[in-house]
Structure formats: structure tokens, C-alpha cells
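Shared between the two complexes below is chain A, which pairs with chain B and chain C, respectively.
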Partner chain A sequence: MIVILTTEDDHSTCEVIDWLIAYNKPYVRINENDLVDVQLVSGNNQGFDFALGLANRVIRLSEIEGFWFRRGWLNVGALNLSQGIDLNPGLVRQINRHLQKERVELQGFLGHLLATKHALGHPVKDQINKMITLWQAQALGIKIPAFSITQHSSQVQAALQVQPLITKGIEGVANFEANDEMYGNYTEEVNQNAIKCWGSSFFPSLFQEKLDKMYELRIFYLQGKFYPMAIFSQNDPQTSVDFRRYNNERPNRVVPYVLPVELEHRLEKLMQAIPLNTGSIDMVYTQDNEYVFLEVNPIGQFGMVSHPCNYHLEQAIAQFLTKKLPHNENQPNFTTN
Partner chain B sequence: MKKKFFVLYACCIPVKGYTRSLVCDVQRGSFKLIPNELAHVLTQHHPCDVSAIKAQHPVEDHETLDEYFEFLTAHEYGFWTDHPERFPALDLTYQSASSITNAILDVDQYSNHNYESIFDQLEFLGCKDLQIRCYTEMNPEQLHQMLGQLNLRRIKSVELLLKYAEAYVSQYYQLPQQYGRLVSLVLHTSPKNQVIQSSQEGHCQIICLQQAIDDETHCGQISPLYFSLNLPTFSEAQHYNSCLHRKISVDKAGNIKNCPSMPKSFGHITEQSLLEVVQQEDFKQPWGITKDEVEVCRDCEFRYICTDCRGYTKGERKYGKPAKCSYDPYTGEWA
Partner chain C sequence: MKTNQTLQQIKNLKQLPFNYQYLEVFFSNKEAAKMTEKPLCPVIQISAYHTANFQVSSHHKPISKMANIDPLAPDLSL
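Let's look at the complex of A and B:
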């Protein structure tokens, strides 16, 4: 049996499941909002085991052959301190904070047990630090963009004298929601007006050399194999700084791409160093003909690479999970050609 | 500094016809008509080393060549690069996890279908897209019994054809809100032609048609209206039939067929399972008839974006051109 941890609205999960069904492979899909009942988690000198209740079935660790961590978390210990108990509200808050830590620890342990199986993705190790990844990439001889992190506008001014800058999150993308409006942070170019607005000091922020892009690369990685896609975001002013400002009328050209072998070797070493057996790598190919590494996302939107490039990544993932040979050599059992 | 090679974006694919050609943009879903000489250059000399190509052409053609490449660049069909080896062509392999991807279910006043059983079987086969065609008036109660069986299934889109009925029409318009799987609702035999809701305005289009569609013989129309320009259908059309591949149909009488318009029945739905039929080799035989094999279509520039029809063919030949197609690729004109 294969266990998939994901979210309810993830369409890529459905497409991978279609292939698991075609391969006649039993699976359990756990969405992060599905309540997981901790019936028993046990360990002794003979080993570890668990039995988790999910709706009307029980999942035992011993029955699991493969695990795919797509995204989300195991929704265990949903109970908080009973509302009726008459305690000091400050104390209730402290107790609930403690319970939350207990929950995270248990989630991490269950995630670890799942990842001891034949696993794609890792629910604990996926928490990678983007700045550390940049450090690892640089150490492996992969070009990175020059950056500075500072809380002083004087430093930003100085850096801006040298080259144009962009600013983006140190950790990554934020999404906020208030009054039914969604707010997100995009990568933005830095200019004098913006610096004036910030005042002389502010929250420590990341400033990065604005790369002169020829095109961008989104590279999906799956256990030793790279699936690169080039994104021509520079033809359109709307998408030239951040291609996530999608132009739906005239979407950026996206095409399959071939990476230089030398670069592939270095990226392979990087993925092993992090370590990740799957992820989406973002790079830029500059007007100076250089490949510049930006980041790796352990949880990637691989559908946006798979479909336009016809890479059949959903099938490749299902084959990985069922330990089948790569696609062209292994047809599903009822295929007709 | 001008780069050396002109390269088509991999999603822009030239298709040569007898008198003229297309560049099909399978990403943005559009195409451009181009002369055959340009299609020749784009297929035989791709990536295009333009100065080398010019050297093979008389000087008076150079301006035209430049115009061609400017046209393609301006419309974002291609770009200039010094590294064409980094930009491979799209792999046009077709893969599907479903043994049946699409199905047709016909209904008239004598039909006695067990919808739950049919949908269960389609679900098992992995069917994604279902077309239900009702030639006779259906009351809302019957429709709820039918459509209520479709929630929580792998069938993700349903096109519903209904006969217009004055008494029920407002209830018909409510159906898309109740059944999220509906993507198209067409009412035939309507008082007038009218778009009630376009596919941009909601997840389901609602259209009234004056034409009476009272049986399966109305199918098989070939027209630019039915062109389908996307990568899955383009790649499928390279290898398989662009109408019948992985299709199964249950006609109004319950006969299991490739298509309700085709005479051959592979058994009755009450006696045979859809799976048993799908496993028969002769059922799958027409799946492999590509447009490259069909008479006339094989010379047509629209062959990979057009639908097909094997139900009504010229001279009723197996490889005959669809009878309801009025395009002549040898003149480049629609009749």
C-alpha cells in the first residue's frame, strides 16, 4: 500500500493517483484536513509500529510499502484544552502552546516513520533554509546572485550604487488573508522612492542583485533525473521581475530545455547535499550566458512543468512509488497499444 | 548582436498541408497559416541558421525570408539564440492512465438505462469526460436521478444535451449550480439561438439551439468551430484517432459501440460489461486510425487539430474522409 500525504485541493495528487489505479496499486490519500486518530504508536527493542485511524480504516506502518509526501501535515491531536475548564486565560494559552509543541513533535516522529519506507519527499526534512541552500550551492561551484541582508537603508543605498537590486523574502512566499482579500509578497525591484518610505532602519531584509535574465529555468528533480523547462518571462514587462505575476491572456512561453551536463552534475550534488530526492529548482540564464541558481522548493508545482513539456511527471512519480521502470519501458496493465 | 539561429518555441509546431501550412501554437491554443515554402524551411532546416538558408536561396528571396522570420518573432512563435541544442522539440508521446477517457450516452423516450451501473463502469475504466445526449424531453426529476449519480466520481466533466421544454427551462438553467461536473448544457429545439451563459462567465456554458437534435445522425460535423488546439489532443492525433480513441458509447437502445452513429454493436449493456467490450481487440481497432491514414485528411494542414468522424465517411470507406467535412485541402477552401 502507498500512503500519500497531501491537501484536498491538489490536482497533481489526483493525476498521480490515476496512474496508481492504472498500475493496480492500493493507495491511501490523507489530506491535511482529514482527522487522524492515533490508535497506537509503539516502539521497543524489536522495532517501531503504528496504527492510525482514518475515517473508517486503519493504516498500519507494516502494511506501507511506499510514501509520498506531497504537502501538508498529519492532522493528529486536534483536541485542544477543553473549553469548559475554568482556568486563567493566560494559563490556557500556555497549555495550548505546549500541546501544539507536543503535536508538532508527534507529527515529526510519524512523518519520520513514514519516510523510512520507499519515500518521495520528506515531511520533516523538507523544512530547508533557503540561505543555507545558497551557501551549499556556492560551495559546489554553482553561481549564485550577489545578495545582502540588512536592516539599514544606508547599506541598501550603498549596494544600489553597484548594481540594480530586487528584494524578496528570506524564507520565501507569504500569503495573508484579511476581509476576504488575499495579500502576497512578490519579488520587487528596489528604487529610491521605496527606500525613502522604509526609513533609516527596518526589519532585516534580503536584497539581491537584479539579474539580467535571458530566460528563467524551472527544473523538476526526481531521484537522479532532471526535467528542465525554460520560461521566457522577459518578453513581457508584467512577468519580467517575477513570473508569478502571470499574464493569462498571453502566458509566458514555456518550453522543454536541455541542461549542460556539467551543471546537472553540480545540481545533483546539491540535491544530495541538502538532501532532497525531489524538488523544483529555480535558476536564471543571464544575458551574459551564465546559469545562476536561485532556490530549491522541496514541494514544487511540478504540473506547471509536466504538462507544457509533456514530461509525464505524474506517471514518473507513480512509477517511482510503485518501483516500476521509467515510463516508456513499462505500460500500465490495460494499455492497448 | 544578432543571434545566429531562429528557433520555433517547442509549443509552436509546423504542420504541412497540400497548398498551405500551419504553425500550431499548442500552448496558447491558436494557429497561423503560413506558406508551404516557410513550412519547408521550418521543418527541414530547423533550427534555422538564417544566413545559411539565405545562401541557398536567390538574393531576391532574402527580403521575403527576413519578413517570415520577423513575422514569427513578432507573434512570439519563435526566438533567436546561439544555443539551439538547448531547446529540444516537444516529445509528442501520448500517455493516459485511463483505458477509457471519454464516453457518450444517448437517451430517448424508449431508453431504459441503469445510470448508476453505467457510471460505475465508466468510473472503473477511468473515464474523465462524459457526454449525455437526450433526444427527448426529460423532466427535472429524471435529470436529478441521473446527475445525482455523478458527484464524487473520477468523471470530471459532463456535457449535457437536452431538449428544450418551456415548463422546465428555468430548472434546467439551475442544473450547473447543483451539479459541479457539468461543463456544457445545450438545449436543442429551442425557440431561438441564444447563449445564456458563455464558458467565460461560469464553469458551465449554457446554450439554446433552434436546431432539433433528435437522434445521433446530427453528429460528425467537421468545422473550424470544433478545432481543438492543445497539447494532449495534438499529441493524441499523431498516434490515434481524434474522435474514437479511448471512447466508448452506449446508444439510446443500450448497445455498446465505438460511437452511436456506427452500426456495429459489441453487445447490449444489460448483457455485457463495458470492461469486457474494451478488452476486445476489434473494439479497439478504429482507435488507431490516424489522420495521416485517412483519405484527403492526410494532405490537410488542419489534421492534428481537427476532430474526425468514422461514423459518416465518403463512400462509407474505412479510411474515407469524414462525409460532413466541406474543406478541400487541395484548393485550401471551405465549400
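Let's look at the complex of A and C:
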């Protein structure tokens, strides 16, 4: 059995499952909003095991042969004390905080056990530190953009005198929901007005040199193999700073790409150092003919690379998940209804 | 860039990270309710999955069945 941990709205998961069905491989899809019943988690000197209830079936660790951590988390121990009970509200908050810690610890342990199988992705290691990754890339001889983190506008002013800057989150984009609306931000170029607007000091923020791009690279990595795609985003003002500000009327041109072998070797070392066996790497190829590393996203979208480049990544993932299973069949069987 | 009162309130808190001044409305349920999706193909329909009102009716439904695609078509073969 192959277990997939994902979210219910992830379309790429559906496409991979299509291939598992074609390969006649049994699978269980666990979405993060599926409440998982912890029937038993056990361990002794002979080993570890668990039995998790999901809807009307039981998933046993010993029956799992492959695991794909696509995204999300195991929804275990969802009990929280309600605010309406007859307890000091401060005590309720402390108990809930402790329950949350207990939940996270259990989620981490179950995720670790799942990842001991033939696994793609890791539920515990999905949150990498992007700044540490930059440090690792630089140590491996991969070029990175100059950056600074500061909470003082004077520092930003000084840096802006040297080169154009962009700003983005240290960890990632902000994302909030309220009043039936979703708020977020993109990577943006910094200008004098923005500095004046935000005052002399603020929360520590990331500023990075604005690279003079020839094109961007989105590279999907799957267990030692790279699937690069070039994105010609620089000629469209709407997408030149952040290609995710998609121009639906006139989409960026994207093409399959071949990385230099030496860069592949360095990126391979980087993925091993992090460590990740899958992820989406963002890079820029500059007007100075340099490859500059930006970040790795362990759970990035790969459909946007797979389809335009004909990489069939969904099939490749399904093959990875099934290749060590017994009775593996290389030919899909489409005769099922 | 779309903005509204809630965003303006957030942006008035100047002690927040610098890039918060670029916050914008990514998605609005009210605006989405006015939109009509064109049934071009399953991938395009489902590409709206970032939206909060996207729904998946079951754990999994093979795309080939949803789109009435011939699974033996050349582009799906090995």
C-alpha cells in the first residue's frame, strides 16, 4: 500500500494517483483535513508500529510500502478545550497550548515513521530554513544574490545607493484570510517612496539585490534527477520582479532547459546537504551569464513544470513510489472501468 | 493592486515587516461568486484550486473519468 499525505485541493496529487491506478497499485490518500484516529502507536525493542483509523479503514505501518509526503499534516488529536467551559480562560489557553505541543510531537513522530518507508518527501523536514539553505548553497560554490536583513530604513537607504533592491519575506510570502478574502504579497522592488512610507524602523526584513535577469529557472528535483524549465518573465513588466504575478492574457513563455553538468553536481550536493529527495529549485540566469540560486521549496508546485515541458512528472513520481513494491508492473492497465 | 479597509489597517501598523506594505487582496469570495468559469478542459478548471471555494467532491476521482479522456490516447501512454 502507498500512503499519500496531501491536501484535498491539490490537483497534482490526483494526477499521480491516476498513474497509481493505472499501475494497479493500492493507495490511501490522507488529506490534512481528514481526522485520523490514533488507534495504537507502539514500540519496543523489536520495532515500532501504528494503527491509524481513517474513515472506515485502518492503516498499519507494517502494511505501508511507499509514502509520498506531498504537503499538509496528519490531523491527529484534534481535541481542543472550548472557551465556554468552566475554567479560568488563562488556564484553558495554557492547556490548549500544551495540547498543541503534544499534537505536533505526535505528528512529527508519525511522520518520521512514515518517512522510514520508501518515501518521497518528509513531513518533518518540509519546513526548511531558506536563509540556511542560502548559506549551504554559498558554501557549495553556488552563486547567491547579495542580501541584507535589517529593521532600519537607514540601512536600506544605504544599500539602495549601491544597487536596486527587492524585498520579500524571510520565510516566505505572507498569507492571511479574513472577511472572505485572502491577502498576500509578492516579491516587490524597493523604492524611496516605500522607504519613507514605512518609517525609520520596522520588523526585521529581508532585502535582496535585484538581479538583472535573462530568464528564470524553475527546476523540479526528484531523487537525483533534475527537470528544469526556463521562464521568460523579464520582458513583461507584470512578471519581471515576480513571475507569480501571472499574466493570464499573455503568459510568460516557458521551455524545457538543460542545466550545466557542474551546476547539477552542486545542486545535487545541496539537496543532499539540506537534505531533500524532492523539491522545486528557483534560480535566475543573469545578463552576466551567471546562474544565481534563490531558494528551494520542498512542496512546490510541479504541475507548472511538468505539463508545459512534457516531463510527465506525475508518472515519474508514481514510478518512484511503486518501483520497490512487489509485483511491480511497468505497463499501466487502463482496462479498469 | 486591490486594497480594502482591513489591509489599510494592517499597513498602518508600521512596525510590521517592510514587505507588508505590499499586501494586497489575492482572492475575494465575493468577486469569485460573480465569475463564471469556462469549461475549457479539466486542467484549466482545476487550476483555480488556490481559491477558497474550490471543492473536491471525493477523495479521488480519476481525471480520465472526469474529462472523459480516452486513457489509451498517445499522450498518456508510456
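We take it that the second predicted complex is superposed on the first by the 320 of 337 C-alpha atoms of A that agree within 3 Å, B and C clash if a C-alpha of one lies under 4 Å from a C-alpha of the other, contacts with A are read in each partner's own complex, and residues count from 1 in each chain.
In this text, a residue touches a chain if its C-beta (ideal position, glycine included) is under 8 Å from a C-beta of that chain, and two chains touch if they have at least 3 such contacts.
Computed from a predicted model, the values in this text were never measured in an experiment.
Shared-chain residue A:21: touches chain B and chain C both. In the superposition on chain A, A:167 contacts chain C only, with no contact to chain B.
Shared-chain residue A:188: touches chain C; no touch with chain B.
When the shared chain is aligned, chain B comes close enough to touch A:257, but chain C does not. When both complexes are overlaid on chain A, the residue A:204 reaches chain C alone and has no touch with chain B. Which of chain B and chain C touches more residues of chain A is settled by the count: it is C.
Touch criterion met: A:180 reaches chain C, while chain B stays clear of it. In the superposed model, A:309 makes contact with chain B only, not with chain C. Residues 15, 18, 21-22, 307, 315, 332, 334 of chain A touch chain B in one complex and chain C in the other.
On the side of chain A, the complex with chain C involves touching residues 8-11, 13-15, 17-18, 21-22, 29, 31, 156, 167-170, 174-175, 177-186, 188, 190, 194, 197-199, 201-207, 307, 315, 330-332, 334.
Only residues 9-11, 27-28, 76, 79, 85-88, 90-93, 95, 97-99, 126, 154, 231, 235, 239, 278-279, 284, 287-288 of chain B touch chain A when the two sit together in their complex. For chain A in complex with chain B, the touching residues are 15, 18-19, 21-22, 230, 232, 235, 250-251, 253-259, 307-312, 314-315, 318, 327-328, 332, 334-337.
The touching residues of chain C, when paired with chain A in their complex, are 4, 6-7, 10, 14-30, 43, 46-47, 49-50, 52, 54, 56, 59-64, 71-72, 78.
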